[in-house]
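Down below are the structures I want you to see.
In the two complexes that follow, subunit A is the common piece, with subunit B as its partner first and subunit C second.
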Partner chain A sequence: MTFIPKPKISHPSLPRNELGLTRRDYEGALSTLCAGCGHDSITAGIIEACWGISVRPENLVKLSGIGCSSKTTAYFVSGGHGFNSVHGRMPSIAMGANAANRDLYYIGISGDGDSLSIGLGQFCHAIRRNVNMLYIIENNGVYGLTKGQFSASADIGSKAKKGEVNQQPPIDPVLLAMNLGAGFVARSFSGDKAQLVPLIQAGLKYPGFALIDVLSPCVTFNDHEGSTKSYAFTRENYEPVVEADFVPKQREITADYAEGEAMSVMLHDGSRVLLRKLAADYDPTDAHASYDYVQQHIAQGEYLTGLLHCRPTVATEFHALNRTPEQPLNQLPFSALNPGSRQLEKLMARYR
Partner chain B sequence: MTSTDTSHPDYFHKVVDCQWACPAHTDVPEYIRLIAQGRFTDAYLVNRHSNVFPGILGRVCDRPCEPACRRGRVEEKPVAICRLKRVAADHKDEYRDRLPAIPTQKNGKKIACIGAGCASLTVANDLMPLGYEVTIFEQFATAGGLMRTNIPSFRLPAAVLDEEIGTIVDMGVDLRLGQRIDSLRALLDEGGFDAVFVGSGAPKGKELNIPGRNEAAANVHIGIAWLESIAFEHVQSVGKNVLIIGVGNTAMDCCRSALRLGAQSVKVMARKPRQFFKASEWELEDAEAESVEIVINRSPKSFVLDNGRLTGMLFEVMEYELDARGRIVAERVAGEEFYPADDVILAIGQENAFPWIERNLGIEFDKWDVPKVDPVTFESTRPGVFFGGDAAFGPKNIIWSVEHGHQAAISIHLRCLGKPVSERPPRGMNLQSRKMGMHEWSYANDYSMTERKLVPHVSLKERFKKINIEVELGFTAEQAAAEVQRCLNCDVQTVFDAKLCIECDACIDICPVDCLTMTAAGPEEELRTRLKAPATNVTQALYVSDALKFTQRVMVKDEDVCVHCGLCAERCPTAAWDMQKSWVKWPHAADHVV
Partner chain C sequence: MGSDDRINDFVIKIATVNGTGSASANTLLMKSIFRSGIPVMGKNYFPSNIQGLPTWYEIRVSKDGYVARSGKVDIMVCMNAETYARDVRDVAAGGYLIYDSTWPRPALLKRDDVTVIGVPLARMCNEHFKGVRTRILMKNICYAGVLAALLDLDLERIRELLAETYAKKPALVESNMQAIQLGYDYARAHFSCPLPLRVARMDKTRGNIMIDGNTAAALGCVYAGATVAAWYPITPSTSLMDAFKSFADKLRIDPQTGKANFAFIQAEDELAAIGMVLGANWNGARSFTATSGPGVSLMGEFLGLAYYAEIPAVLFDVQRVGPSTGMPTRTQQCDVLAAAYASHGDTKHVCLYPANPEECFYMAVQAFDLAERLQTPVLVLLDLDIGMNDWMCRDLQWDDNYQPDRGKVLGKEDLEKIDKFYRYLDKDEDGITYRTFPGVHPKGAYFTRGSGHTQLGTYTEDSAEYQLVLDRLLRKFTTAKRYVPKPVIEGTGAAKAAIVSIGSCDGAVHEALDVLKARGVQLDYLRIRAFPFSEEVEKFLADHEVLYVVEQNRDAQLRSLLTLESRVEKSKLRSLLHYSGLPVSSKFIVDGVLADLGEGRRAVAGVVS
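== the complex of A and B ==
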């Protein structure tokens, strides 16, 4: 926790994006998390990503539940819309907001407690309904806000700060999301912004539910020897298998890649995600193959990272499936929103 | 690029831009903090330790520290360092009892200083506490040299001079006023001195030899001599129309003096455009505020006389062609113009002159007829004879003279001890953490957005009533309190320990000015291109750490615009970053370990 406010002064040659804004314009309130918390790095990654793709601050909706992770929506893009919901209920709020206005970017910030314990049901249904949002789990394996009990993502054999060993199997949000049919599933690490920032950009642009499970060490309760979510353990064991670049629609893909090494997935606005495999025997666009691949490596104790699975799911996206109007509800005329008492009578008559 | 050796005393010293730029290496941030705490006497003594004349320099220093100030790179204007120095001097209490005691038992060595200016006085200041007997010979009836004769009293009051010179003289210096040295041979042969320091300044103003100069002699004056005559009240009036030739700081003093002697129209005639002016920007501003007109691109051609009396000057109107870097590549004369004048003051430079030094004393002179002086030891080619101040390398300014005096004093001390003068006492650097506890740092690290405060001046109506009304009033208490907070505390250094870093990115994320990056090591030039913010100011160092333990990357810090807010250390979970106050040890004669 920091008591000195971040000075308003910035580097004199700070670059500006298409909107004429600097990275500093995407900052939020002062973080009150512990010094060295992975969550703060993710926050910085979100700031960098939103600045990079010139998201208008007023077009961003930030949603969260309860927990250390859920505090962080206050720490970025103070010009965006924010909703801090009940514990584990962020997906419902996100879905409601998204149903009412499809023109905005939705970013939900959750933790392993918020999403994998109390909010697991909500999390599953948001995937199932393919809500067009970026869902970030800041995953540290402990309940940090209640002083470090194991969470549902703690690995078997991982040690708590006082030495207790976890014996219950973890829920892996990546496998769960793939299992439920999510089209954009990634894993990353708070300490690797080069990987994380393009993932956030691609996830924001992806039409449908995009999950990024970010390993985010808890510097206070889970950064000791014996923890499998410490900075040291993560650095040693995480393995990027797929590099994802976010390519805005104006930019050509210029680099040359060996055949089969790079594949691009088109997003709805003409931008693309460029996937570069670092492992030859792996097809991240195939749902079954990527599930098997990730599962096998988890069994071997490896954290695969990168955009582990990506395929277009436009047809099953929430709005497409429910045939909602293209305009946000607040822009529809009253007559369209309210068919009138005569129509209601007709409708009711069908059930009498 | 290999990792940075921060144990070298110069690394952190350079980070304190003001202190590095100051010839005397004054610990500026330290005294500014003391002013902030209301400890004016302590602030004065920190100053006096290095620059000896804080009250004088707080008014008339050339302030090399201010263009160097990091604040000027972060926002537009540097901290008003010089004027804060004056605040310390104006509000100090008695301090003489805190100066080193002067031994009553002398060491038996006698030193002669020629000229009672800032260089000689500094030599005396450094040597008296060591038991030397110092004699200063001064041609005039007052001490101070050009500080008294060339700087007008409306910029530097006599009382300030008297006090700070008095402090040194009262150490027991044998000050011989009105004793001009006409022969160095006589002094060396008959004086019985163990060493001689020549601090006689650069007393010769440059001439302008154009037609009419001799005929108009009665109304054409050499700037520094003219200022001297004003200081000694030999000149008390001047004509209605005055032209000043030259646009250095002496010209600024001349034009403002002319106004106070009753001139109604004063024009400063400059040969070149404004960007080539030698005068400090603030001196130009002060002169222009007093309605002095500065005319550019006018090159003197001749003095015009009528019936043997000066009526004005003829100038060539110059045109210049500049290249892309702003340098003059061609010039041509576009015409001629006449400017009326009753008096003309020549302020086109000055040089040192040594008609009183015999050329067969073993003191070698170079092709410009100035003595060869070692730039480190300040010794001439004759052992035991030293030069300093303007006498050494031509006109500079007071703060340079003071540093010359310090260095010459070291040499004199070594010479008298029978040691080689090249054996300089070593420089050093101490660091001490400013961490007091959780979120507590013993310095004010909140960044103040306050803009530079302007020093209040006496009104234009009041200031001309007498020649010695000091124009600048000094900061008010409120202004000083705000201005001190603008200092970035560059001496509270960001010190990194690579062994402790867990590569969590916290410091990089929080840094308000994006000066930190963790990246693969590489050659400096290439490294500068891939930092979080471009590191284009190559005059500022890159700090590069040892390899970090998990990824073998390095922590790189671009020192350029770091505001020393301490957030990197505040956010660091392992205290790999710490904020540590640096003390530069810039040795003086007293620091020599015998």
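== the complex of A and C ==
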């Protein structure tokens, strides 16, 4: 059973957002994942992020494929529209839905199996099309629902629960996304909510394809000694290299950042992402520099986290390239779509 | 006029090499006949290749308006040395053979029962045109000139057609016309023109057009208000999407803003294409894809999701020869079962079977209405013959009072009024439930899933709750019988025997019925236009003792579907199966029926013509 309704009781003193909603209004059904699963922390991060930027629940489209991670769309924002599709094919559903209505928030939740094996093609092509969506990979290096097989993100030398050692090279979604031209590429850790929440907020607001690869340990099948996706390994080897703050358009930037250290990337609605570098030799707004920097560190066994790359790609966003109108396609009146009988009569001349 | 004259009633077959411009010459010939008011059929048998392989074009001039292959060739134009031997064999006795006499013709291929007409096409074109490519192209235009003289075609009409084709390149009109004239003059000077087989002006094409089914279906999608088109290129469906793009680029650009009121997405594969279609329809946009057999196989998983989660979708399956890659540029009706039952588990889909391009246009619109009314995928089964060949059909008409049937959708006001929304609750007891779109109202939220769900829309692994939804889906499929296009029934109703068929067989069946009638065999005719089968289909099947099921596949797929999904007694169904890859001919059906009648109750199967 993966659906348990939660009782809707909330304390009157709970804080409310701009819409007058409390965090509880952004919750979903009770999770049926294993106790301690990293995915549940990410779910909590999404709830916090959506509440924080006052997303109207009915304007949130939650998409997923198949797997433990894909189940979680049921566990947040029950007032949103969920679509749990088929294995590895969530990006195409997202593309179609986004083409039909550009005005909604699209959040896709996937896993390393769903995105890097069966769905690798669709993942890549969603990036190429620059679909305006936030794509979260809940990455644990393992197939949980089928009990512990390696996934394509498993590192060489990482040990399975039963002792088998992975010998095939991993696919890193962060490097892959940068390589394919994604304009918003982040890596985070399910245990670092302070880092994750602003990343989710910025990703939802980013006008284009935004990827967050979240290391999310599988407590049942991949949290043992010798695994490179365990809580212990992640805490030791994952290092924040850039801090990102999401700044809504109404708010002034008040934090005091040293000159040259902070960079601001403007989003389409006037809100901003503020990047604060923790390393001086790193420019997260430059696609090539970001790629090289991240890759070099991986070669040294260091996994950098944060908003590793961010640059505006609004000009190549799907709707911009397709010249679709501001009004969503699913709301155009029929009269704007149907050319009428006289036009048809004229067209007939071509076929005589 | 001699007694042998066969005016406006003969078949020309032209054998060429693809990529040599023969398509222009053939279209020119066909259109000039059409514009002379004479019903005409043109069929292209082309290779899965861009340049260098054999290709044939068959033009049937038919004063009686028959649109199918007759199964006979009266005039063969041999422009391809590679296929010369078999082309010579294919000409009917008493027919004509036109060949390029620049080079000597092998004596062993001599036939005494046909008239041989040699024209030095290559030599004339080499003398008059410069450049290898031009010479090759003009050689093909040149044979059109020869035929113009032999058949008594109006040169002015040909000039008019060239002027329209090359409106932006007037120099080409002159060079093409020069090639036409070369052939025309040579034929007039050396042979007795016109032949007894020739054309004479009629007035039987007024109010008609020559259009292919892919173009007509694409136009239907534009008129139906489709806004999201997603696809992956595959022969023979690609031209449907190309046509949609081309119409939309013209008809769907906002004149004020220049914005495109549609999205056209070339997907990375067929799986993604159907996924996008589902995403868009789920979100309230009319969306469709076009594909062929291999694509339908790939789309299977998503079609099952759409069936179970009840998401509208329109899919055009332009069928080609299978199994596997098969013969991609040849025609068959071999996806009847694959379409009806696409995907694992208990799934079945609404299918429509247009018989010609005209019906492709109207059925495209119906498909969107049905998909949204029934909240399920609708598969429109064309085939290569309908999809890619130009068919003569009546002008397409549009009723400006048409409004799309969006089905049971709860809008903002509806949701405002209700207490709580349940996605899969059968409130009207017709098996069709209500749906909502994201972003409309907080009460409209629900969760779409391909996993087991209750009528309230929640996840379940409970047997009873699961079965409740599955049984309701079956009731919905029964409801669909009331909505799908009714069959076309012809004949007196008094005959004990009848022909049952679908789709592109229609033209050949009509001619066969006339031929059989002239031979004293009176048959009724049921043309099924949709699955599930309606009560009208059931009644017709019950009312006849012998039913010849004509279809273009090896395994009698329509017959199988009838035995599975209607009450018909299996032994009444006799199959006439044509699956050579060429469109079925009227002769094939006539021969099949007569053979069966002549040999008592033995079923006729598998004869290839």
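In this section, the second predicted complex is superposed on the first by the 326 of 352 C-alpha atoms of A that agree within 3 Å, B and C clash if a C-alpha of one lies under 4 Å from a C-alpha of the other, contacts with A are read in each partner's own complex, and residues count from 1 in each chain.
In this section, contacts are C-beta pairs under 8 Å (C-beta built on N, C-alpha and C of every residue); 3 or more make two chains touch, one makes a residue touch a chain.
A quick note: this is a predicted structure, and the numbers were derived from the prediction, not measured.
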Touching partner for A:352 - first (subunit B), second (subunit C), both, neither: second
Greater residue coverage of subunit A in the superposed arrangement, subunit B or subunit C: C
Partner chain(s) touched by A:12 [first = subunit B, second = subunit C, both, neither]: first
Which of subunit B and subunit C A:201 touches, first, second, both or neither: neither
First, second, both or neither for A:94, with subunit B first and subunit C second: second
Partner chain(s) touched by A:217 [first = subunit B, second = subunit C, both, neither]: first
Which superposed partner A:103 touches (first subunit B, second subunit C, both, neither): second
First, second, both or neither for A:324, with subunit B first and subunit C second: second
Common interface residues of subunit A - those touching subunit B in one complex and subunit C in the other: 1-3, 5
Subunit A to subunit C touching residues, read off their complex: 1-3, 5, 56-61, 73-74, 78-86, 89, 91-101, 103-104, 121-122, 124-125, 129, 318-319, 322-326, 329-330, 332, 334, 336-341, 343-345, 347-348, 351-352
Footprint of subunit B on subunit A - complex, ascending: 1-14, 23-24, 34-38, 40-41, 43-44, 190-191, 193, 217, 219, 223, 231-232, 235-236
Of subunit C, residues touching subunit A in the complex: 34-35, 209-211, 219, 222-223, 225-228, 230, 251-252, 254, 257-265, 267-269, 271-285, 287, 301-302, 305, 395-400, 402-404, 437-442, 444-451, 458-461
In the complex with subunit A, residue positions of subunit B that touch it: 73-75, 439, 445-447, 449, 502-506, 508-510, 512-515, 533-534, 536, 550-551, 561, 563, 565-567, 570-574
